[in-house]
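One chain, chain A, links the two complexes that follow: it is found with chain B in the first and with chain C in the second.
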Partner chain A sequence: MIGTGKIKQYANVLDKPLGKGKQEVSLSAFAFLFSELVQYNQTQVDNISELETRLEDAGYAVGARVLELLCHRDKGNRRETRLLGILSFVHSTVWKVLFGKVADSLEKGTEHEDEYMISEKELLVNRFISIPKDMGTFHCGAFVAGIVKGVLENAGFPAVVTAHFVPVEGQQRPRTTILIKFAEKVLRREARLG
Partner chain B sequence: MTTAACFIIASRNDIPIYEAEVGSAAKREDAAQLPQFILQAALDIVQDLAWTTSAMILKTIDKFNDLVVSVYVTDDRFMLLHDSRSDDGIKSFFQEVHELYIKSLLNPLYLPGSRITSSHFNTKVGALARKYL
Partner chain C sequence: MPPAAPRSGDAIFASVERVNAELFTLTYGAIVRQLLTDLEEVEEVNKQLDQMGYNIGIRLIDEFLAKSNVSRCVDFKETAEMIAKVGFKMFLGVTASVMNWDADGTCCSIVLEDNPLVDFVELPDTCQGLYYCNILSGVIRGALEMVAMKTEVTWIRDMLRGDDAYELQVKLLKQVPEEYPYKDDE
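Now for the complex of A and B:
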């Protein structure tokens, strides 16, 4: 029979082994998929903030699953209980699995206690996207912000996560910053845990 | 080796998303809901305890008569009410169920936090319980 592969057919997805996750997907395939996602959502909404919300929700679903999978696969079933721990987990492990490299930088906000920023020179999802002038402040990085939000919330650190362009001197394209603002109860718990 | 045991997966907001009776002990008529009560009561303890350690399995956290509650924490809580003594068996049981749970979570059509209704999941949990408990 032509095409009989060596792959064992499993009756049910629950029987299939989880796998080592060394697969890579082609960038162009992802870019196409992502652009379709954005275009589809554009037809469904009336304004920009709704579009960003939809992208965030899509990312949230990804983030929830990525967290569970990574905890099981890479960290040998140890959870993060501290704020800095979960932030560095997002910054290195999650970024590495999703984008193939660690994020450019992780900074603590200076104005407020509960703000942190992850910066990236150019987000992978934005590489093939250009924003028309009339869309103003729209940022496709809302998808990545949603992923980070999904990871944080499902680890027990509820937060508001947004993506922003930050113009940088001497660079043509502005840097992208993901701003993470943690909820009150996270800070209180951190203080309690000392 | 099978003993009476009740296994519940509770979501982050303490809503049960999966329940199973495993084991072959006869059901007591007067206390049919007892396992659920005990596990619900243990949820408070889990919440406090979950933040003090970064390991995932919390061994025995509560006792009730001769029954013992063991908990495995990810973002959701896997809670097992049992009276068996083998710590290792329980640990392996939890890890295997965790893998099953991740696989059903990876389904993009599954809303995290909703009930798990797959009968295949049921069968597998039952088989694991017989194997490890």
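Now for the complex of A and C:
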């Protein structure tokens, strides 16, 4: 019927226009949702490393989709083939879209050739989270580590990504570092490309 | 000092910190996917989403009351308007409308045309019984329960199932008067 409803009905979700990605929700809505994610997963696991794995898996799914969305919308379907290219994509574009700012820093590991670190003073997801003492080294940033892993792996750069707290002098709360350790074949390929 | 005037949904939304809606959408999608993998039964997932929403709602109401400066709602009609115009706007950035009041004024529909939870989502054939946005019904139920109203919230229309909008029916079951938790003589 003409004039019924304001939204055009699309038969297929793939036909719907993507939107510019400028829509926003309140930080508290996201914080509530994230806390429910963590609480639900706490009931499903027995120990901390399983909890981190589950959060990472959730983040992986987000990362895979973010990569597809951003490649199509912001980069005009161009693919990154170089290591530094994909790292700066994660550090700038992905961070800017998801968290509203570029990551604080991107560093190359000094001890190992295959390690890179993205640091952030305070991850958005950790803003309203406090870790009880008996959970030791648990880091909700495992979710963000999962996002980074999802982006890297689906872009063809398999890596092991973890999140760590790094205490900083003069600051009460420790800094968060996302440690990215690339797989052997990525480095070999990078060396071949010169 | 006269009480501060209640703020409009737009004003509050402009003043709170905001995040990209796509992060929110994708995180919610990850949650629903995890639930589907763990629980496998669509009905169980619906219940779990409602429970999660309830847990959020009981805490969300505090923030809502603190930020919006609303005074006590005179009746359920005003409550529903508050939820639709102020509540949805300040948390999700979308406005909803209230319609279909019944004769008693205890049952109404909140209609959402825009829903950030469902961007990019399509329900596969295996999940046809899933109420994807069921977390919203839990949030409303939880929030209202904390302000002394027991309600029942159900989905009437769901765009993921082919309807043209999202419609939630909110039914006031009873007003629970606040009870003083301590006995006077103890």
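Rule of thumb we're sticking to: the second predicted complex is superposed on the first by the 188 of 194 C-alpha atoms of A that agree within 3 Å, B and C clash if a C-alpha of one lies under 4 Å from a C-alpha of the other, contacts with A are read in each partner's own complex, and residues count from 1 in each chain.
The working rule: a contact is a pair of C-beta atoms (placed from the backbone, for glycine too) under 8 Å apart; a residue touches a chain by one contact, two chains touch by 3 or more.
What you see is a predicted model, and the numbers here were worked out from it, not measured in a lab.
After lining up the shared chain so the two structures overlap, which partner does A:Gly59 touch, if you call chain B first and chain C second: first, second, both or neither?
second
Pick one for A:Phe99: touches chain B only (first), chain C only (second), both, or neither.
second
Which partner chains sit in contact with A:Arg189 here, chain B, chain C, both or neither? Use first/second/both/neither.
first
Quick one: is A:Ala29 in contact with chain B, with chain C, with both, or with neither? Answer first, second, both or neither.
In the superposition, A:Ala29 touches chain C alone.
One more residue to check, A:Arg78. First (chain B), second (chain C), both or neither?
First partner only, chain B.
Who wins on chain A residues touched, chain B or chain C?
C
After lining up the shared chain so the two structures overlap, which partner does A:Gln39 touch, if you call chain B first and chain C second: first, second, both or neither?
Touch partner of A:Gln39: chain C, not chain B.
Go through the superposed model and pick first if A:Leu67 touches only chain B, second if only chain C, both, or neither.
first
Take the contacts of chain A with chain B and those with chain C, and give the residues found in both.
On chain A, the overlap between the chain B and chain C contacts is residues 12-13, 61, 65, 69.
Within their complex, state which residues of chain B touch chain A.
12, 50-57, 73-75, 95, 98-108, 112, 118, 120-121, 124
What part of chain C is in contact with chain A in the complex they form?
These residues of chain C touch chain A: 13, 16-24, 26-31, 33-35, 38, 48, 52, 55-56, 59-60, 63, 90-93, 113, 116, 119-122, 135, 159, 164-165.
Taking the complex as given, what residues does chain A use to touch chain B?
12-14, 16, 18, 61, 64-65, 67-69, 71-72, 77-81, 85, 154-156, 189, 193
What does chain A use to touch chain C in their complex?
My answer: residues 4-7, 9, 12-13, 19, 21, 23-30, 32-34, 36-37, 39-41, 44, 54, 57-59, 61-62, 65-66, 69, 97-100, 124.
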